[in-house]
């Protein structure tokens, strides 16, 4: 039972991370290698704000904002000059950024991981188990953020801009939509989502400069399995994989449970390369 | 109607230097420098140069995919690592440790990984291919890291360097100079082989896949098979680099299988110039040199990857053809 | 022949424009002008560069030489989204409406601009729904589910949301039934009455001659003939020369 809950909780966070990645890829055709580092930065900033102010909510909001702005700056400086070039150059550029961010954090904070305490430490009783409230809160928050973002896409003026740009970049421009800024905005949102997930995750396992790497890898697997650019698919895949891993860790130790996601990936590539949760293309 | 004397129309011929001549002359000049180097350099730089050659071989193998077939791979750390561990296996299992067995084992290891990765990842194009190779290299990392009983896990494996031995002829220990010459010989041989490959019909097909995959397929080439062959070939040479590294340094560690190694490889390629084969070697040298310089000026703790990262990104935007990119056509003729 | 020159400064001026697609030299020095509120036709066979001319004006393609001016200001290196806001509306060949957005959302891409009051927005919507009642019926349907003719209406309506000074219409009647073609002609008339200039690229010669004040005829990337629409009719030798034998289909 615990495994199921754990699986769902990690699944939701993974879904949040993967959403940002899939968003950036689906709309801008950019594979953001630095996504894990944005997650990591969010976590670190969250820790700093938390220790300074004691408020978890402030940490969440500030981290997301700061990283979103940083994301926008990154996009303007390094990705805009590359628009129209071979899409592989963006992978390289974002890879370069991930190196810079990771090593900068390593330099500033050292290689030892830090722990921060959960903001809510009470447990509650589910049947015969004790389960920390905090974990449920994370899952709920993640779902809330994803849901909020979904609404934003469906209804707001900017949501329409984003969707129009995704469908037809040229006509979006012809309608007066400032497409270069839409791209910057989307990247910033993706970055903010990653940072938020980082803050949510931080109390679970502490922060370290390498935390981004594991998550980004899993997020990529999720995105491929869910169907690249498919938001709903990514979310479903995230929960699916996390649940499987969670169950697997009953029998093997966690660092090996990771193999599960690899197996799912291989199977997907063999039988349904367009994505497990995508309707079969006609 | 008389025709003008031929040498008026072809001034090059008159000067006596064709492209081939110039090329081989430069090649010999570079080789001469590299051969003499260990005799004049202090120990540290001798080993430095040897390592640059090894990383260069790794990067060159990757260039076959990036520069000639148009496929960016982040999976080379797996090939390199399996070459390394394969060699380690040979050196630990057999006594006395045998150089040639190490090479064979390493290549087999790399080939197995190559086949596995090639089979799955070549199903996808472009970005998806890159991501899949990355994920696979991580799969191997996890396997090596956690299968402690076989691979030594986190601590890796330590072994002794084999002698350079040809049965009935020679049996000598490697000194840092002779090690260097051995590595140089292997790398040069690899370069020459790869060069022949890229200029062969096979190589031409690879390049046409890079230019326009759909058209190549439409003409009738089994593109997927060519891609798999390219990945495996690339993997073999990457594995060879891994073997050399193991022999040079006498240890094998999972760190090298982590995708950072793949990332470094791609950096060497981009910095040096893709599609040139020698460019990546220069790129590797450039990178290591900068890194060494920064360590000397700023101290060991300095995160050299931060400024190097900026340089890397700057090069992607402003100098995408890399250091030797301007000579790409010339080097390939 | 005073219809030959428009009174006052032209709204849009294209001067000696050369445009390339990669190595292909498509426009070899095109010059034309459109006055405020004027309907100008652009005729020519397929492939002579009519669409490219529109795209150059709209900023979707950069000219390598020559000038494009809007109200006297050079616009050739401005990005399309700025030009849309300055008052150029673009209705491309194949319509290109946003298929996954609803009719309403399609309209909103043009409606949601700075400085437009809610009242104004309502007024614009009302106007467009009056002219295109079918769109009103389908306002919450996805664009991709509309018929060809309805999509064309939507494409034009969407451009109208920008309150443009000029609309670039690229082959609006292509593939439409005769009944819809006369609807298009009505719309052009309405827009003309509202003082919106139109640059109309068309293969349908009678429609173009009926709806425009002036026409340009292009061939091989250049303007070859320019006259008042009233000066020629479908049987004119000029038409035969540049457009081939034209089979007259009666639309009225």
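By letter and in written order, the chains are A, B and C; residue numbering begins at 1 in each of them.
Rule of thumb we're sticking to: contacts are C-beta pairs under 8 Å (C-beta built on N, C-alpha and C of every residue); 3 or more make two chains touch, one makes a residue touch a chain.
In this text the structure is predicted, and so the values were computed from the model without any measurement.
Asks: Using C-alpha centroids, which chain lies at the maximum separation from chain A?
Replies: So the farthest one, by centre of C-alpha atoms, is C.
Asks: Find the two chains joined by the most C-beta pairs in contact, please.
Replies: The chain pair with the largest number of C-beta contacts is A-B.
Asks: Find me the chain with the mean Cα position closest to the mean of all the protein Cα atoms on display.
Replies: Closest chain centre to the overall C-alpha centroid: A.
Asks: How many Å are there between the centre of chain A and the centre of chain B, using C-alpha atoms for each centre?
Replies: Between these chains, centre-to-centre, one finds 34 Å.
Asks: For chain A versus chain C, what separation do you get between their C-alpha means, in angstrom?
Replies: Roughly 44 Å separates the two chain centres.
Asks: Centre to centre, by mean C-alpha position, how many angstrom separate chain B and chain C?
Replies: Comparing mean C-alpha positions, chain C is 56 Å from chain B.
Asks: For the complex, give me every residue of chain B touching chain A.
Replies: Interface residues on the chain B side: 72, 120-121, 123-124, 126-128, 130-132, 134-135, 138-139, 142-143, 145-146, 263, 266-267, 270, 301-306, 308-310, 312-313, 316-317, 320.
Asks: Where on chain A is chain B touching in the complex?
Replies: For this pair, the touching residues of chain A are 31, 78, 81-82, 85, 87-89, 91-93, 95-97, 99-100, 102-104, 106-107, 217, 220-221, 224, 228, 255-256, 258-259, 262, 265-266, 269-270, 273.
Asks: So in the complex, the part of chain A that touches chain C is made up of which residues?
Replies: 157, 160-161, 163-164, 167-168, 170-180
Asks: Under the definition above, what is the set of chain C residues touching chain A in their complex?
Replies: Residues 58, 60, 79-81, 84-85, 90, 92, 96-101, 105, 108-110, 112-113, 158, 162.
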